[in-house]
Structures are given as C-alpha cells and as structure tokens.
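Letters are used for the chains, namely A, B, C, D, E and F, taken in the order the chains are written, and counting of residues starts over at 1 for each.
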Amino acid sequence: MTLGGQEAMSQLTHLDDQGHAHMVDVGTKANSQREARAEAYITMAAATLALITEGGHKKGDVLAVARIAGIQAAKKCADLIPLCHPLLLTHIKVELTPEPLHNRVRIESCCRLNGQTGVEMEALTAASVAALTVYDMCKAVDKNMVIEGTRVLEKSGGKSGHYVAELRARTTGIDNDTN
Amino acid sequence: MTLGGQEAMSQLTHLDDQGHAHMVDVGTKANSQREARAEAYITMAAATLALITEGGHKKGDVLAVARIAGIQAAKKCADLIPLCHPLLLTHIKVELTPEPLHNRVRIESCCRLNGQTGVEMEALTAASVAALTVYDMCKAVDKNMVIEGTRVLEKSGGKSGHYVAELRARTTGIDNDTN
Amino acid sequence: MTLGGQEAMSQLTHLDDQGHAHMVDVGTKANSQREARAEAYITMAAATLALITEGGHKKGDVLAVARIAGIQAAKKCADLIPLCHPLLLTHIKVELTPEPLHNRVRIESCCRLNGQTGVEMEALTAASVAALTVYDMCKAVDKNMVIEGTRVLEKSGGKSGHYVAELRARTTGIDNDTN
Amino acid sequence: MTLGGQEAMSQLTHLDDQGHAHMVDVGTKANSQREARAEAYITMAAATLALITEGGHKKGDVLAVARIAGIQAAKKCADLIPLCHPLLLTHIKVELTPEPLHNRVRIESCCRLNGQTGVEMEALTAASVAALTVYDMCKAVDKNMVIEGTRVLEKSGGKSGHYVAELRARTTGIDNDTN
Amino acid sequence: MTLGGQEAMSQLTHLDDQGHAHMVDVGTKANSQREARAEAYITMAAATLALITEGGHKKGDVLAVARIAGIQAAKKCADLIPLCHPLLLTHIKVELTPEPLHNRVRIESCCRLNGQTGVEMEALTAASVAALTVYDMCKAVDKNMVIEGTRVLEKSGGKSGHYVAELRARTTGIDNDTN
Amino acid sequence: MTLGGQEAMSQLTHLDDQGHAHMVDVGTKANSQREARAEAYITMAAATLALITEGGHKKGDVLAVARIAGIQAAKKCADLIPLCHPLLLTHIKVELTPEPLHNRVRIESCCRLNGQTGVEMEALTAASVAALTVYDMCKAVDKNMVIEGTRVLEKSGGKSGHYVAELRARTTGIDNDTN
C-alpha cells in the first residue's frame, strides 16, 4: 500500500498534519472501563531455566523480582513512551510462567483503567520490562537469551471495540493456546 | 541440567546464598572500557510500514521519536531493572531501519561506558523502548504488531571477554547478516 | 494466630491466591473524599536541635527543605512503593515542629484525594522523607539521630471507615496529646 | 547548647553562611571505599506478622517485594533528599527478618560506594522504604503498625572515620545485640 | 505596594498563614475543561540558526528532539515544580518555528486537561525544556544563546476566567502578532 | 551563513552524519574540574515582588522553595534534556536575589563536576526551574510574569577553554555588572 504523505499522517494519530509528533487530544473521549493483556517470551538454555525453577523454596526470587519490575514499569509508561498519556491504572498484574518444554519463560500482563485512553502500552511495557529483568538476573550464566513475541493479546473498552489477537502470532510461530 | 538450590543460586549472581535478590557488589571490579550492542525487531503489516516510510519530508518523526525514547530509556535502565547498577553512559546510539522486504523495522542500539559493570542491559532497554515507541505510534492502524528478537549482539570490556552473538538467533530464524 | 497459607494470602490483598504480588484492582471502588494524616519523630542531641532552632532569620531553611522534600515524596509514593496505585493528590501538607523538651522534631503530614483508594501511604512517605531530610542536613554534627514512631494518625473516606490512632502508640511510649 | 546563628550555620554544612540550602561541594574530597549500614523496625500485631511468616512456600512475596523496594529506593536517594549528591552505588543489600518474639520485622540495609561522599542516606532510605512497603502490604489487616528505630548502624570510609552506633539506641530501648 | 506579612501570605496561595509552603487544596474546585498556551524564544547567531534550518531532509532532528523533550517535560511538571499538583494532561503540543528575521526559534506549547487546576505551569515547563534542548544541541557552536520571553499566552477554564496576554510583553519588546 | 547539510551536521555534534540524534561519545575525553554558572530573571509587577520580600520572618519560603527546586532540577538534567549525559555533580548552588529596582528576581546557579563533559546544561536547568517555581508560587496574583535572559554566564574546564559571557546580553539589554 502506498499513501500520500498527508493521508498517511492523518492515520498515524500521533503525528499532526505536518508530520510533527504531539500527544493526541483525548479530552473529548468518553471514560470507559478499559483492559489490556499483553505477553512476551524469554527463551534461554535449558540449564538457565533450570536455575530459575530448581532450588526449593529459594526459587521464587527471580520471578518475584521480575514481577515487581513489570508492575512498576507499567506505572512508568508515560515517562518512557513519549506520546503516551499519563493515566491512573486501577489494576496491574504480571505473571511469569516457566515453560520447560519450550526452554522459555512466558510473561503475561494485565492492566485496567477507567479512563479516556487504552492501556495496551502499559501492558506491553510491563511485559517487556519483566522480560528484561529475567534477562538481567540470568545473564551471568547465559548471554544467548532472546525476548520474543511481545504483543497485545486482548484489548477491551473504548470505541475501537474488543480486540483479540489471532491464535497464532504472525511471525513467531508461537502457540498461544495456553492463554 | 539440574543443580541443587545452593549451587544454582551462586550462579545467579543477583541472588545471595539464601536466594534473596541483592545488587551485586562490583566495587572490586576494575574499570574498563565497555560497549554493548543490542537489537530488536518490530514486525507489522506492509501498509503500516508504508505509513512510516512514505510521506516525503514528514516521514522522519516516527523514527525520530523512537530514537529519542530509546536513548532516554538507556539512561533510565537502573530505575527500571531493579538490580542494575546506576552508571554513567558515555555514549548512546539507537538506529531504526525500515526493512520493507521483511515488513519490519530493525532497531540497533549501542551503549558505551568506562566503568565496573557491563552495559548490555542499557542497550537492551534502549532497543526495547524504541520498539515499544514505534508500536505506540502505529497502534491506531495496526494492532497485530509484534516485537521480536530482542537480544545482545555484541559485548566487550570486562573480564568476561568479548561476546558476539551467533549469526542466527536461536529461536527466531532472524538473519543478522546485515549487522 | 496461625492461618493456613491460602487464607492468609487472601487477607493480604496485595497477594493473589498464589501468594504473588499484584496491584489490587480498585476499579470498582467508589470515589470518595479521602484524607490521611501521619506522623514521625526524629530525635537528636539537644545541641543539634539548637542548631536548627537558633540562628535568627536563617533558621528556616532546614525545616523548609524538609517540608518541600516531604511534599515531593508524597507525589512519588507510587514510584517508591511497588504496589501503590498512582493517584492525584489534591492537597499535601507537611509540618515540622521542634520539640526541645523531647530533643526531637515532630513531623505531621496530611494528604487528600477524591479517589478510589486511601492515601495513608502517601502521608507516611511524606513524613518519612521529611524526617530523612532533617537527618541529612544535620548528620555532619550528629550521627546518633533516630527516626521513631512513623505511623498513621487518622484516615477517613472509603468503605473501611474512619480510623483514629490510639492516643499512645503501642510500642514507643510517644505521647500524641499535642496532635 | 546555644550557638550564634552564623556559627550554627557553618556547622550545618548544607546551609551556606546566609543559612541558604545548597549541595555541599565534595569535589575536593578524596575517593575512598565507603560503606554504611542502617536499620529500621516495623512493629505490628502478632496476627499480622503471622500472615507474613505463615503460608508455606507462598510466604516469600511480602518480604521479597519490600527487599526490591528498598534496593530501588537506595538508587533514588538523591532524587528524594534534596541536598544529597547523585552517586554510583556499587552494592545494595536489604535484609528483612521477622522477629516474632518482638512482633516486628527487622530491616537491615547495606550500601557501598567508591566515591567522595558517604552513603548513610542511601542506606537509611533503603531501610525506610522497605519498612513502608511492608506497611503497605499489611495495612488491609492492621492499621496500627509503627516504624521505629530507623538509624545508622555503622559507617566507614571518608575522613570522618569509622562510626559504630551505640549498642542500645538512645530513645527506643531497642536492643541491637542481634546485629 | 506594601502589605503586612499575613495578608501577603494569604495572597500567595502556596504559603499557609505561617508562610510555610504547602500544596494548595484543590479538592473542592469543580472539574472544568482547561487549556493553557505558553511561549519562549531562544535567540542565537544567524549562523547557528542556519545550521538548524539548512541541510535538506536532515534538518528535522534538532527541532524534533526539542519537541519531544518539551512534551515529556510537561508530563514531569509536578515532579519539577514542588507545589504543582499531579494531573492527567489530555493533550500536549509543542511547536518550534525558526524565525530567521529575528535570529531565533519561537516555541509555543499548548496543554489541555479536564480537571481541578490550571495547566499553565505544564505549558511553561514544556516551552522552557524545549528551549533548553535547542540550547543543548547547538551549544557546541554557539555559547551566546539566550532564552527569552518565557510566558503564558492564554489560559482558559476554571473560575479565574479567560486570560490573554497583552499583545506586547512587558519587558522584552517581543512582538506576539504572529501567535 | 549557509552550509551544506553534511558540514552543518558535523558541527551540531548531537547529530550524526545522517542528521540523526545520538548522545555524543565523551568516553575519550579527559576528566577535568568543570564549573558552569548560569542566570535567569523573572520579571513581575512591583506588588508581586513585594509579596515575596515583605512579611518579616515568613518571607523566606518562596525563595527557599525555588532554591530547592533548582537544585533538584540540576540533578534531573539528563532525564529532561534527551542528549545530555548522566553525570555526578559535586556541587550545586542556586541563589535568588530580589531586585526591586527592576521589578524582578535574579537567579544565579552554579554547578561543578570532575568529569568528561561540561555542566552548563545543568546550571541552565537549575536556573530555569527555579524561575518556573517562582512563577508557580506567584501566579495566583500575577499572570503577566516573564522569564528572561536565561543564559550561561561562565564555563570553565574541558578543552574548549574558559568562556565568560559578554557584559551585556545580546538581546535583553540586561546589565550583568552585579554578577
């Protein structure tokens, strides 16, 4: 598809008609109950994953630290992403699930808001930073970890309607039937 | 691989011998010139990518905003990742390259430091937040974007030696021969 | 008292039924006018307190700096306390009162909000950081200062009702009849 | 003790000779290896403490969240305390120990730096914020918690010499023989 | 004009009747649609301005970076200005216009909110930080730049009514007929 | 002056040879003792200035709050100005002097560092935010205040040599003989 510049710009709502970035005016949008869920995966060597999941009662801290980092990152979203609106999340949840069959940890985040704009960026930021935190805590033993498949799973509220991601992500071959 | 808890913990340097998170003591490590490069990809519909790359002189702002967001995020790394050390980056660079053949934007970051600890987390954070910013600016027209292949490409300085990622990432099939 | 784990977890609302931390969903709670007051004390040598209170018109700055630090800290509460909700305080007040008879400075904070969650953490954070700031400004002459009795004095709004602290704090023997 | 204003101001190093706050010039101080340890206590009902310590493998998260909050707060010290210097901590450790005999949780923090200024404010901030985080997570079941005895335990490095707190804190009657 | 202290203090609403700073209680003010516009100018050598405006398609980045910095700064206003209320801007726009006839760049910002307090500080902060960012990017070639005429142009919403700045600023001789 | 794009870009060191913003590599620059002083003026109605300067012992807080805000802003410079390097200021001083003859408050800031890059942006940011804070505290009584003449007064350290601003600023007619 090829659009002329002006038309393209008007579709990218964060750019004004001169192509300049601005923070979109949401002042006239209605408040609604909004929710977004996102996911990310961090793949690693089997031995690295074992370090996280083995170890009896001590095992919790890698995942606990990443969970907290993800929650705090959701609150920092407007500080990180230049054109995001500041907003008052009413709920943040980040779950990390080791998937030994796939040599990876799956991260799913959920954010909620009663407000004028969607919260998918907050959910994506939470998942991304939780994944980066797992990376940080395991990097001494594994430099080949890769963060994959960071995407929005579901988004509701607002006039754009209910969005549910396709069962299979377009490019990764990641199977989301465990969602 | 299965390790007993204690041994596992001692390998995950961010956990002490009780499995509790702490910020590793780097006070006795020598200063050295350190550099890390990381990459990430954001895949999108061809029409979405065209909106970024079409439009004459106006096209710059999506990539310019993401570049700035990535640079600023590198400086916030220790605030985002709980066990990262605060440090004084001497250089940050974030490049975004549209790859129309692959329907994606490639992001490569580079961070440098003369200090006591590596900067791969800063590079990864820069790449991740730049990708999230592209997502934010295009999400009005495409909800199916996915961030893929976030990983360290190269790391030098410090006693752990020079690391270069394998030519082909383990799980994505992404070809890094353009690095 | 001993509760089974599951029951205990459901009482600690910041933990889900697996004991994992999350930010509690307040989206269904009604907005109400909320207020919280907190206090803290910093005890010091008589000579140290005299340095704060003596000195004619110049004396003001130690307490003025601590007052500002406390006010700003209340606004950072959700950034400091991982599971606190971001919220829009409508009022913050921090008062510091030298109490020469007790060789201490008393700090009282007050925060207000029209919102879905209480503001006692904001008030406690304000009082704590104001006390830390007094410590910082006096530490060159007194290393034996101690911050004591940081607690909530009163809390109103929300469905949990009006809370007023007992006249005498449980463990400190601190007399709050000057409140 | 009563000092004239001018002399008093010159002792409070954060005030200039007009009594105005400034950030003290440490540029001519030698770098040295510095460490500070601080402590704080949060007292609570026995039943509240039991909720933290009971519950099998799930018990970890209250203390894990507070530990992370304390570590992150140490890094934010210069942002919270107006006249603190920004600095590059090389190590942060926060330990939380339930003390059922005393119906409290003891928090001990340790910070290290090779630099030009001491790190006791960072250690105090870590302990304070960890205590506030415990308060936050337990406040749904106990509003009478009190944070007590926040003080510096030990400080080394720099020309002011090695400081060790007295065995018994001046005002609390808290026994530090378990340090 | 000379007022007694008490009367003066009651006019400076950020000071209580003892002259102590506090964050004014806006909890009883009505929500209204609010907007503020501010401006600032950065004057520079003609050759410096030419470096910004010349250069074909590459010219965009100086202004793009400053635009983003201004937008992000508006969101940080309550963190920078101690007695500002945290608030949820619904719109931020920062425009930078080179004015070669005057050897300067003109910056105009606009902020909007539906809330209980005005947004002129946010608009002023956006314009100021955008100007500082231009300074930063050009300082290698011009140390004599000056930021001038930072002021509120227009403010609407709230009970204080509609304010429009006089056509000509009081002290600068800057002509605002191009607004 | 007109330069071709490429040459212009190489002079604006924050842009690479494609005109893209990056954080300049200072890793090879020598550490040196650096200092910068900056100034700004906020002009206001005579009656507004009187509110600040009248009022006996209570008068201090407007200027005290602005002084603290300026000091804290200097520490946030790298967070506000996208391409500024994070650095460890060893000294920050902000002075506010009412100048009744000129109906204004003069602000002078001073920052020092032993490091690889200059600190003029930190000094400018301190002066700017102190001025904005005065604006905030007086805006209830005066909407016509203007911030003027924000510029670098002096800069030393580093290989670019000692810079002293001309006695008279280029565009404001502000007389700096009181510096």
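By our rule, contacts are C-beta pairs under 8 Å (C-beta built on N, C-alpha and C of every residue); 3 or more make two chains touch, one makes a residue touch a chain.
This one's a predicted model, so the numbers in the text were calculated from it and none came from an experiment.
Steps from subunit A to subunit E, taking the shortest chain of touch contacts, total 1. Among the remaining chains, those touching subunit A and also subunit C are D, E.
Using mean Cα coordinates as chain centres, the one most removed from subunit B is C.
Ranked by how far their CA centres sit from the centre of subunit D, the chains are topped by E. Matching A-E against the pairs in B-E, A-B or A-C identifies A-C as its interface repeat (over half of contact pairs the same by residue number). Remark: subunit B and subunit D have CA centroids separated by 33 Å (rounded to whole angstrom). Subunit B and subunit C have CA centres that are 38 Å apart. For subunit A, the set of residues that touch two or more other chains comprises 20-21, 57, 60-61, 64-65, 68-69, 72, 76, 79, 82-83, 87-88. By the contact rule set out at the top, the touching chain pairs are A-B, A-C, A-D, A-E, B-D, B-E, B-F, C-D, C-E, C-F, D-F, E-F.
Interface of subunit C with subunit A (complex): residues 16, 20-27, 78-79, 82-83, 85-88, 116. Residue ranges on subunit F touching subunit E, taken from their complex, read 1-6, 8-9, 11-15, 18-21, 40, 43, 46-47, 50-52, 54-62, 64-65, 68-69, 72-73, 76, 79-84, 120-121, 124-125, 128-129, 131-133, 135-141, 143-152, 155, 163, 165-166, 169-172.
Within the complex formed with subunit F, the residues of subunit C that make contact are 57, 60-61, 64-65, 68-69, 72.
Here subunit D touches subunit B in the complex through residues 33, 64, 67-68, 71-72, 75-76, 87-95, 112-114, going by the rule given at the top.
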